[in-house]
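Next, two complexes with subunit A in common: one pairs it with subunit B, the other with subunit C.
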Partner chain A sequence: MNNLKTIEAGLLALLLLAVAVPTWSVDAQELSAGEIMWKVYERPEGADRTSTLTMVLRNRFGDERVRSIRQFSIDLGAVEKKLMFFTAPADVKDTSFMIWSYDEEGREDDQWIYLPALRKIKRISSESKGDYFMGSDFTYDDLGDRWPDKDTHTILRDESLDGIPHWVIESRPKEADSMYSRTVVWVRQDGSWLGTKKEFYDPEGDLLKTLTVEKIEEIQGYWTVMESVMHNVQNDHRTIMSLADVSIDVGLDGELFTERSMRRGY
Partner chain B sequence: MLRIRDAADRGGRLSWALLSVLFLLTALPAGASAQTQGVDLSGYLRTYGGVLTSGGNAGDYAVIQNTFDLRLERRTRSGALYVNPVLYHYPSRDVEPELLLRQAYLDIYTDHFDLRLGKQQIVWGKSDGVFITDVVSPKDFREFLLPDFQEIRVGVTGASLNYYRGGSTFQAVWLPLFESNRFPGQESLWAMPVPSFQEGVTLDPDRGEVEARLENSQLFGRWSLLGSGVDLEVVGAWYLDPNPVYHIIPADGTPGSGGVAYLEHHRLVLGGGSAAWPVGGVILRGEVAYQDGRRFQAAGPSFPDGTMESDLLHYMVGADYNVLGVDVSGQFIQEVMLDHRPEALRRERIRTATLLLRDSFRRDTLTLELFTYYGVDDKDALIRSRLLWDLADGYELQVGMNLFTGPDSGIFGRFDANDMAFVKLKLSF
Partner chain C sequence: MKWKHTCPSPRIRSAAVMVLVAIITLLAAVQIRSHLRLETNLDAYMPADHPAFVYSDQADEWFGIQDAVVVVLHHPEGIYRPETMQKLVDLTRRLQELPEIRPDDVKSLATADNIVGSEYGLDVRPFFRKVPGTPAEMGALRREVDGNEMVNGRLVSKDGTTALIMAEMDSEDFSQDLYDRLLALQLEFEGPEEIHIAGQPVVEGTLALLAPEDMKRMVPIVVAVIALVLLLSLRSLRSTVIILLVVLLSTIWTFGLMAALRVPMYSVSTMIPVMLIAIGVADGIHMLSHLDLHLREHPDIGPIEAIRDMTGQMKTPVIMTAATTAVGFLALITSQVYPVKYFGLFTAFGVLAAMVLSLLFLPASLHLVGLPRRKRAEMPEKDGSPRGDVDGSAREGGIARRTADRVLRHRGAVALFWLAVGLISVLGARRIWVDSSFLAKFGQESPIVEADAFINGQFGGTSTLNVIFEGEDEVFKDPLVWERIQDLQEDLEDREVVGDTFSLADYLSRMHMVMNEDRLSYNVIPDSRELIAQYLLLYSMSGDPEELDRVVDYGYRRANLRVQLKGDNTRVIEAAMSVVEEHRDRFPGLEIHYAGSAYKSFIFSDLILEGQIGSLVLSIVIIVLMLALMFRSLLAGVIGSLPVVLTIFISFGVMGYLGIPLNSTTAMLASIAVGIGIDYAIHFMDRFRRRMRVHGDLQRAARETMTHSGRAIAFNAITVIAGFAVLLFSVFPPNRELGALVALNMFDAFAATLTLVLAMLALKRLRFLTRTTSSVEGDVR
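Right after this comes the complex of A and B.
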């Protein structure tokens, strides 16, 4: 269960959370692809959040498995802390997972897991960002905020999705060992800096996965993606990720993100 | 005098516990979900079978066991109630089902303090599969090291007070009642050999019991920190050695003349700590304990009662990392008798290494695991391999092998005839 990076900013970035801002049209000629991706990256997401995350894993035969997590996050400026409590399935219930992610470039996350059967908190490595999260179609890296300068961005075209104009932006990684050869994201042109679709291509250049946003709600002034689907087109496996009980800017105490909470629960 | 408490008959207390649990269960309206009543109900049902694959008894069942583990928890903002009875049923043995109350405690929460009262498991340290500063809960070695560690650790009755400050936790534990480690009987597959010094000696089982008195209580303290870049623990303990030693009263006052022996648990003072920190993609771990005044078996004219005293240094260094998707974890453990004498019936140094390899497949539903203990001094080993398959959410099937190898002198090699194949099916709810 290595390598969750910035879960609230992570899941939410991957889930493509957006801030409620007045809708206005942005002239594509005014911004470069890199500037647009920085706007997406720097979208405000609130000081803290709580939510319940449910993932339904569905294979090609329609068989389903369900994973549920209650999650808390806080942005303390230089460090962002996230605490997750697994509530289903039964054999992982009461397992908790904590991540501290740092703004400092190159600094690795601190990560711990509490295993109730062992009654022990273990520090775990933040390597293996390419591992899949809880057997889903999301890798830990997918769930994190990817630093825009790690990629080279190009605007491929303008395209309308559901009647809304989007930029279609291709991002190619600068590092050689990336698990994707490129990604393509659809970013709304209404000033929300919200992405609504993303394609992931494998190292051979073939389409691997498609992420689509299914449901968006405005919660406490923030446009929040409540449901999205990641479809691995190569093995026809889907992960339906949905949020519930979302609260933002609730004034979480930084001391929630400690050993005490990991052992005791929420 | 500290004496072994006869822990054999807990029947009365366990029956009371079972009745309490049944009362709690029946108090729930039929058909109502436990959660809606504020009581969280969870646990598992497991069936476990193992067959010997080596030695003269190959083909014999090493174990057939059914387990029902029930956990009831009710939580509020100011506290919690937790009860965890466990029932073991051995259909192939002529024994009564065994009912344990693994934990049963009450929590009280305040802003900066948590107080836990009752029977509880307390786990310290950063080692995997070995116990260095993990001295609060005694261990159940009746099935050697094969059960899950949750089942090896025995719940202890007492009070645990935690104080939280920033990322630090200060813990104080008081145990008014002593519990010994549990060892296999001589009829068990896992029986330890009878020491030669006991030949001609009669064991007095009534002597050595640790009486339930305040003076026999135990105190433990711990400071821990989960910090940015490092985790730390510092521990101290004033406790009774859960491993008793034999004291011999020679028949005519000279060693080797027979006589009476009794077991005694000695008071120990322990100081130590542990740490874990990341270096690149590797997690480094270390743990150390210093035991002051521990008793060991000895033979010779200088030790007429069969014991000698020595401080003991016990430490572990280890590392966890991931290689090509495989979790790899290695540890080196050493125990050093600092006042060792030739008459001691154990080595001055005992060295052990462990290696864990683990990989998951098919969206984490299939896990292959290999965990090995290696006795460096005797060149013996316990190699545990298993395949875990999540058949569906909550359903787990395990198949595996426990292989013992090495000379009889080694703690693992002595069970060379106990190689075992096993299967476990577990339903969690």
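Right after this comes the complex of A and C.
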């Protein structure tokens, strides 16, 4: 299994290298850390997408909670809407969850949950972006894209991961009282503008979490992270997120993202 | 002893002994200095492979069960005042900043999640972000707290005057330094608010520090008093110093061996010097007392002959007493508890060391420094009896003879009296209770006890019992299971000793109510598996999902019910466990176990007692057999063991009547009864037999034995009783109990030997007393 993955990653790397060599070698020389982070931020992701997410939470004893979710998302410019339907485990089947997140600075997300056993839709307040998402090791902030100008960025070094050259960039938050004292991200120098590894340091400066991208795929021309693992090294808790059945730019209707849809199921 | 004839001078031999003793002592001292260490980690005391401990440790790991330092903030006018609330916030933060404590493990109103129903539906949020500034905001906060059963009565007292901060930590990490920093925090934040600090880590930590410290203070005074009494009764500085040196050197040798074997000192080990003082002085007293009497009877005898007579006459009883006492202590190595095993082993060694020193070092010292000069009249009578002494010896002799006569005259009454005492003691012993409480070891006036009582009055309790349920995967999404657990919780809370209980059921019913517009009729377990699963999912999206890991595991196959107890003693824990046991049948398919430190110390004290009582019985059996062998009579074995048995009965009986619980310290005291009781009996019976063999006159033998051994036993008893009476002034209650019980044991053994043993020996003519087939040394004077 592991070997297969390595071979897969190696082949992918070779392929990417062949395609990307003409472009990246030029860019690499001139970009500043901030510019690279902007490129990453602006990496195109399509107007909408559907996928099946499997989220595995694994604690330090090796016990797991596995959830399967069918998810739909759309970028409407000022607002990004996401609708998730739980398909497993059976006792939470048809539970649905909707998030509207706004570009507008300081505006809180709107969140709803539909509990079929209660037959009620309830709103959930999202007080803090620093909250962990569904008991995972990802905060809401980790899942979204962070506005690059909130941090100051420095290129620490170049480093090769799986044979692919990466920039290693350190980002330190400008605001005081951030939940991380700094993050370090490995960004591929192949023009995909993907980060494949990221380290999160707690306010005391100790390593808190490591995010590792295990699998990427180019789907309909978009580089997509198919599997990633967030490992909280301090409590040895892991979250494994893997995607399947990804479709991008399928032409979802913005009207789909309503409470009615939540009740109806997908 | 053949070499003493070939060796020209006893002085040279004595010098050799001295050099040898000095070398051994020096080696022991070096070992102690470089390798002896005190074990303060209470977990190291427990047998790690015992199933109850293995399970409990495992459960601690699953649910992050830890003991908590509990800090409370009290303001008589209520905590809903900006200044007080700010103090709560600051104090919480300061506790979070302590390196020994993880910030997430500190819970107070300032960090707690408030699960509320709002226009949003479910909302899990802090009670406040900034301390409310206006009375209106403060009033709103108070209403929120009052309406939330998950904090009301748990983090804030129901009357609103006290707030509680729980800082969970590993008890192992508790140190004097941390306690000092906590006390500094208390001082800093106090006024007008009251601050109290309690909790298991504080209790255990302070105890581990306090007990040896108190001992260090008290032992020198004990020794000083013993020295004074020895000086008064033996009337010789030389004898006093020699006897004390025997005890001191045997103690150093014992701890030296302990250090050399890299065995750490446990808190029980502080009892070793106590045992050696109580037991080790006996040999010296008996030998020097014999010497004293012999010199009085034979004033013209030379020092070398006098010393030779002393060792010759006393060798057998000294060796026998040491051997039987050592065997009594060695029986403790059958205990499952390492500190007790080691205690038995090393005390046995110490007793043997004291014997060797008494037989070699003591005569050697006399050879080198000369015989003790007893301050007495210049002209002793020459009729070979001490009768004519003009000083106290005459009184002593008179008392001894009159006692012997009286005992002989009323031997039936004496036997009946002791029978009655034994029966009454057995009745009292039935009232005895076992206590594993750490808190009980502090005095009522101690700040820790006061803080604990205060917190128990306002909150659920400072001690926690964890009830762990285990079943198949997903079983803890079943509403029926939770309804039954909730029933159990209600039954538990009906008990006076239980303050509060907490489980996933509390989350489930709270969420159910909140999701149904706060209607009280929904403050129950949701009625379907799906709803429970969906609430749990919902909570993981909105709350602090790690909080749930403390009550249920990932696979929903294990759950943790926390029971807050209003005390840490065995009765309280047993009462709570009995409620759980009554409910056990209602959980078919589920296993129920217990965990947590209160449970572990409960099991631990059980183990100590089990082993202690087992080894007591074993040592009495062995002693009866050894005495029987020594006197070639089973009856002699039984008679000789009477003082031991009675002393133990009385000790337990008194504890029963006075309500002194049996714990690891008091149980250990039974060993003293064995050690001392047997010594007295052997000295007494050996002397009695020697005299009977000489002339066969019962009354004369009784008088002579009473004058000889009886006198030494009385000196010994008075000395040790006086010494240990000092402990009655200790600030540390267990040490007070120790002092009282050692003194009591000494007195019982002394009284039983001088009256009951004599009465039994005289009940009829016992053949073993006059039979001369045994290997008696030429003792026909």
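Definition applied: the second predicted complex is superposed on the first by the 237 of 266 C-alpha atoms of A that agree within 3 Å, B and C clash if a C-alpha of one lies under 4 Å from a C-alpha of the other, contacts with A are read in each partner's own complex, and residues count from 1 in each chain.
What we mean here is this: contacts are C-beta pairs under 8 Å (C-beta built on N, C-alpha and C of every residue); 3 or more make two chains touch, one makes a residue touch a chain.
Nothing here was measured: the structure is a model prediction, and the numbers come from that model.
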Which term applies to subunit B and subunit C once both are placed on subunit A by superposition, clash or fit? clash
Go through the superposed model and pick first if A:Glu255 touches only subunit B, second if only subunit C, both, or neither. first
Looking at the overlay, what does A:Tyr132 touch: subunit B (first), subunit C (second), both, or neither? both
In the superposed arrangement, does A:Phe61 touch subunit B (first), subunit C (second), both or neither? second
For A:Lys120, using the defined touch cut-off, is the partner it touches subunit B, subunit C, both, or neither? Pick first, second, both or neither. both
With both structures placed on chain A, which of the two partners, subunit B or subunit C, ends up touching more residues of subunit A? B
So in the superposed three-chain picture, is A:Phe97 touching just subunit B, just subunit C, both, or none of them (first/second/both/neither)? second
First, second, both or neither for A:Glu108, with subunit B first and subunit C second: first
After superposition on the shared chain, which partner residues are touched by A:Asp177: those of subunit B (first), subunit C (second), both, or neither? neither
Would you check which partner chain A:Ala88 touches, where first means subunit B only, second means subunit C only, and both and neither mean what they say? first
To test your reading of the overlay: subunit B has the stretches 199-207, 325-333 or 343-351, and exactly one clashes with subunit C. Name it. 325-333
Where subunit B and subunit C land on the same part of subunit A: residues 57, 65, 89, 91, 117-118, 120-125, 127, 132, 134-135
Which stretch or stretches of subunit B touch subunit A in the complex? 42, 44, 75, 107, 109, 114, 121-123, 126, 148-150, 153, 162, 164, 166-167, 169, 224, 226, 228-229, 231, 276-278, 281-283, 320-322, 325, 363-365, 390, 392-394, 396, 426, 428-429
Contact set on subunit A toward subunit B in their complex: 2, 57, 65-66, 79, 88-91, 93, 98, 100, 108, 110, 112, 117-128, 131-132, 134-136, 237, 255, 258-260, 264-265
Subunit C partner, complex, touching residues on subunit A are 57, 59, 61, 63-65, 86, 89, 91-92, 95, 97, 111, 113, 115-118, 120-125, 127, 132-135
Residues of subunit C defined as touching subunit A within the complex: 61-62, 118-123, 125, 474, 477, 515, 526, 528-535, 537-538, 540-542, 545, 549, 553-555
